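Structure first, then comments.
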Amino acid sequence: MDVTRREVLKKIGLGGLVLVGGHIVKSPLSLTQLAHASDDKKWKQFAGSKIVFMSEDTPPTAAIKSKIQSFKDLTGIDIEIIEEHLDIVAEKVGIDVRGRRGAYAAYYSQDKPIGAVFYKHAEDLRKFEKDPSLPKVPNGTGSDVWLNRFLDITGRFYDDPKIAAYPYDNAVAVMMYRKDLFEKYSPNFETETGKPLVYTSKTTWKDVLEICKFFKNAKFPDVKYGIALQGREGWGGQLDYQRVSYANGMWLEWDFDDYFGAVNPGPCKWGDEQSIMTMGNYKELMKYAHPDSLTNDWSGANTAYVTGLAAMQPQYGEFAAVVEDPKQSKAAGGRTVYDLCPKGDPSWIVKGGKAVNGTNCGIGGIAINHWAKPEMQKAAYLFALWSTSHDTQYMVLKDVGGTPTRKSVFDMPDVKKAFVRETAPMKKIKPVEMEKGVMVDKVPLMPNALTYGPILKGIWKPDFVVGPKVPKFNEYIQIQTSEIHKCVADLKSPKEACLSIKKKTDRLFRV
Amino acid sequence: MARTELVSKAAKRKRAFWRTLMYIAIAAFFLWTTLPLLIMALSSIKELRDAFQIPEVGDWAGALKMIQFSPTFHHYTDLFTKEHFEHYILNSVIASGSASISAVSLGSLAAYGLARGKIPGEQHLSFWILSTRMAPVVAVMVPLYSIFTGLGLLEPSRWRNLLGLILAYTTFDLPFAVWFMRSFFEDIPVELEEAAKVDGCSNLKAFRKIILPLAMPGIVAALILCLIFSWNDFIFASIFGQQAAKTLPVATSELHSTVSIEWGGILASGTLLVVPMLFLGLLVKKYLVQGMTMGAVRQ
Amino acid sequence: MVDSKEKAINPQIPTLQEEGVAQRLFSRIKGLLPFHLWIMLPTIIVLAAITIYPFVWMVVMSFKETAMNPGESDVWVGLYNYTRLLDDEPFINGVKLLLWYFLLCLSIEMLLGTSVALLINNIKFENFFIIIFIMPMMVAPIIVGYLFRFLYNVSFGWGFWLLKSLGLMSGETILANAKPWLFSFFPSTAFMAVVAADVWEWTPLIFLIVLAGLKAVPQDQLEAARVDGAGPVRTFLEVTLPNIKSVLLIALVVRLMDNVRYIDLIYVLTKGGPADTTKILPFYLYNVSFRYFEFGRGAAIGFILLLFTIFMGLFFVNVVFKKKGV
């Protein structure tokens, strides 16, 4: 138990802190409270069975894994949690369901790369909800208990009323920036541009570009670049680009409702005036960003940020755990501020489109494998219920760092306090010397919660962008990112790149 | 008299020149090979923040930063206390060791058969053997997966999964082993076995008593190379090894999680991987290189 | 007792002493195949068992479009999976890059490995050099990928620092650099970076195999060449090379096969980017099969790759090395 916990802590980058900080806070809530006396039998009915949950190696999974004993105590089910890279999860789940094997009774269904592709291989969760022999959790699992429309994001696909997965993990993009550097170099910036160097939720991508140019040209000793982007081939690059393209004119590649997506999306809008303009601007941003931005994914960009090479990064909330760890990060100790992603800029938008704080996400769901045996499915459903219940989410958030998806967790008074650095509960650690004379001796107890302020603001329309849910999502993003790369690398003009995406994408969807 | 002296002096100078060039070339290759390893080993005993320090471009004096740090071994201890690398090392050793041994045992028989037998269509047979190693792994992964499922090798059990890996590695080591050892058998004069047979040995006995000892260097060499190939495998291990028989390369790749790349652990694990080479190197020298001086039997 | 002499020569002739039924049956069976085929049988069976079904599967699948969802079944599409490749940009790009990859990796590794083996052979401290030089092989490719990703990083990579400081690189980045390296017809800098990692890891294999071959070159032949007054180059071409030909061939073919089979390095270093400049055909195949889950399309590409490898293999075996009886 102790070993697994440390393993988890290390994985989410808190190892050093907690080992020194002493004993981990004991959860005030016992998970067995879930099981009301009458329900106890229902929870226990599959005792002795063994199931496998195939999951991405995200912080919440690591956290859940460390707490798995309480699930075993509650149900008597022996569960094995496999943690892999998202790519490998998709690969293994894909081989499993396409081979009709059903070895993973429950699997991690990331909304677009896995859900949109394989949702038909997931059991309809409504079936289990209606089943009187299965237990319920407090507040239930209706669509209103989750943040915003997270249940639609992870569970609903196309015109199918089926619910394929419960929201299990949320990764929403926010802007992280170095307040200390912004303050320090504001005078220089002001003499150059006549404006103070600040970042607010009104800051636009064009302003960001200006800041990037400033940092890159100035060659300060303690920071080299303005921003670290994450343009790596595939999903990372697609999300990175989407934050810019959606902010400027709420541009989407197709017009369907992005919460549900479309099987046959029809002709895409790539190649229109707005897409070409954004492509040119993104290229410009890349030119002044950290030079590895085209090959970095989220963790690469984060490394550039925490090693002090970039003053800003658009990043997913769960990375706060690393950013706030002084042993790994030069951006720890209150130097980082979290805010909404940049807004679109009127001059970057074609004819009257709206400028928004383009915020996107990867919401991981937990799905039940259609090919697993019925009893296994039910046992896996118990795990899905338990792992997304209020008590579990609250517990893992407090103890090891999770990314809750239930509204009620965000309403807890101590979580609310943790949104803001001034009121956030802190934890003492063995002092770490950040640089000569600067010591850090305490860190936030729930570092991820520092990002919840902007996250809770960002996940609503019009700022929030969910899509595109299309069945060939994975091939589409390859097409998209490889053309973006060609444009950034000067191999194609923005127009050529956009038209090429248009041609290939329409061919992909047989338009 | 003076002339010859002059000539020999020029020849000497020429030889010295070539010799120097040779040393420079060796030194260059030495640096090319060792620098990445050295940086790997040094970085693995640094705190990450030290490992991330590099000087400004062109600041050669700053390169000293590479060795200015206070060493820490926690990346290594973490591998064992937190990640259970001892299991993964054991899995790797069992899987690659058993696979190499079975590949070399089966392969030496087949290689001898190929080298000696007068089998119709031998050319095609031998190329077919080689071609079984040519299919891109990705393209045949799905049918392989169903074969392995059918054999029950993917059930969550360490021994079954290990057996699966051994089977997979054996099949991709075999063609190499056959081809590699065949040339060794061909180099052993047929007369030796014929003499043995005249003395009353059966085919099998002649092979065992006469041929095998002579071909030992080749067999050990094949074993070492098979060991390296299966030791290095990632794709089979990641799909067939499952959780229970996770090997070292797979476990190392998992140190790169969604949120961070655990550089310290990855580099420490890489350094650990090199260590067996030091022992293997001695074996290599003994069998592969010195033992292969078979000039005596070779025509 | 047993007429073992005769039996050894003619194992199919049962002798008088073997009269038990079981023994008789045994010698019958034994007589069915010559000894040399018998001992090959285990290998043939194992290889056939594990490769024939996947091969047939791959060929059949390449004529189908695989069903994505439960309840649907695969559709025969004839040659569509092949014909669509004709104007499939990533496929054509992948072929081109694969050829580059072969050309660069194989030629550099062969040249470098052979020359180092020649240089090292019989010098002082040979043992020491052998142990050092073969070390990279033990680091699994996936970890070599991480090591080079670490070295190439612009923020903290010593490799990047060294290249920049030596003035060997103009760009600001290595792995995100899609610009051609040195000459405009060359592949991208990122591609060369992958090649460098491959060369670093696998030159030792060639080195080792060639060195082993060198040790087996008969002394008398070398002696004879020296007596003839042949220089080192001529000795190498006329005596050494013919002697190490067969090991060289094996080394070359193994590297050829593994370059097609494995994508570990690219998987870690670049994932095929930037701008598709490292998306060699096997990596594209990986994307098609395990990212897009189009097994039919993947099978077609896989089959083409297999044919291509076989062709290259035959070419090396029969044309370049003209090995008798192979």
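All chains are identified by letter, namely A, B and C, in their written order; residue positions are counted from 1 within each chain.
Keep in mind that, in the parts below, a residue touches a chain if its C-beta (ideal position, glycine included) is under 8 Å from a C-beta of that chain, and two chains touch if they have at least 3 such contacts.
From a predicted model like this one, the values you see are computed outputs, not experimental measurements.
Colleague: Report the chain whose mean Cα position is at the greatest distance from that of chain B.
Modeller: Measuring from the centre of chain B, the most distant chain centre belongs to A.
Colleague: Where are there more C-beta contacts: B-C or A-B?
Modeller: It is B-C, judged by the count of C-beta pairs in contact.
Colleague: Please tell me the distance, in whole Å, between the geometric centres of chain A and chain B computed from their C-alpha atoms.
Modeller: 40
Colleague: Roughly how many whole angstrom separate the Cα centroids of chain B and chain C?
Modeller: 13
Colleague: Would you please write down the residue numbers of chain C that are in contact with two or more other chains?
Modeller: Expected reply: 155-156, 290, 295.
Colleague: Chain A: which residues touch two or more other chains?
Modeller: If we look for residues of chain A contacting two or more partner chains, we find 91, 95, 98, 303, 307.
Colleague: Give the residues of chain B touching no fewer than two other chains, as numbers and ranges.
Modeller: Each of 52, 141-142, 253, 256, 261 in chain B touches at least two other chains.
Colleague: Can you check the complex and tell me which residues of chain C touch chain B?
Modeller: Answer in residue numbers: 4-5, 7-9, 11, 34-40, 42-44, 46-47, 50-51, 53-55, 57-58, 112, 115-116, 119-120, 123, 127, 129-144, 146-148, 150-151, 155-159, 161, 164-165, 200, 204-205, 208-209, 211-213, 215-220, 246-247, 250, 253-254, 257, 260-264, 268, 282, 285-286, 289-290, 295, 298-299, 301-303, 305-306, 309-310, 313-314, 317, 325-326.
Colleague: For a test of understanding, state which residues of chain A touch chain B in their complex under the given definition.
Modeller: Going through chain A, the ones touching chain B are 3, 6-7, 10-13, 15, 50, 52, 56-59, 62, 80, 82-86, 88, 91-92, 95, 98-99, 101, 103, 298-300, 302-303, 307, 318-319, 321-322, 327-328, 330.
Colleague: Within the complex, which stretch of chain A touches chain C?
Modeller: 87, 90-91, 94-95, 98, 100, 117, 120-121, 231-234, 237, 290-296, 303-304, 307, 309, 370-371, 471-472, 474-475, 478, 481-482, 485-486, 488-491, 504
Colleague: Any idea which chain B residues touch chain C in the complex?
Modeller: Where chain B meets chain C, its residues are 22, 25-26, 29-30, 32-37, 39-40, 43, 51-55, 57-60, 66, 106-107, 109-110, 112-114, 116-119, 122-123, 125-127, 129-144, 147, 167, 170-171, 174-176, 178-180, 183, 187, 197-198, 200-204, 206-207, 221, 225, 228, 231-235, 248-249, 252-253, 256, 261, 263, 266-267, 269-270, 273-274, 276-278, 280-282, 284-285, 288-290, 292-295, 298.
Colleague: Once bound in the complex, which stretches of chain C touch chain A?
Modeller: Touch residues, chain C against chain A: 66, 68-70, 89-90, 153-156, 171-173, 175-179, 190, 270-276, 279, 287, 290-293, 295.
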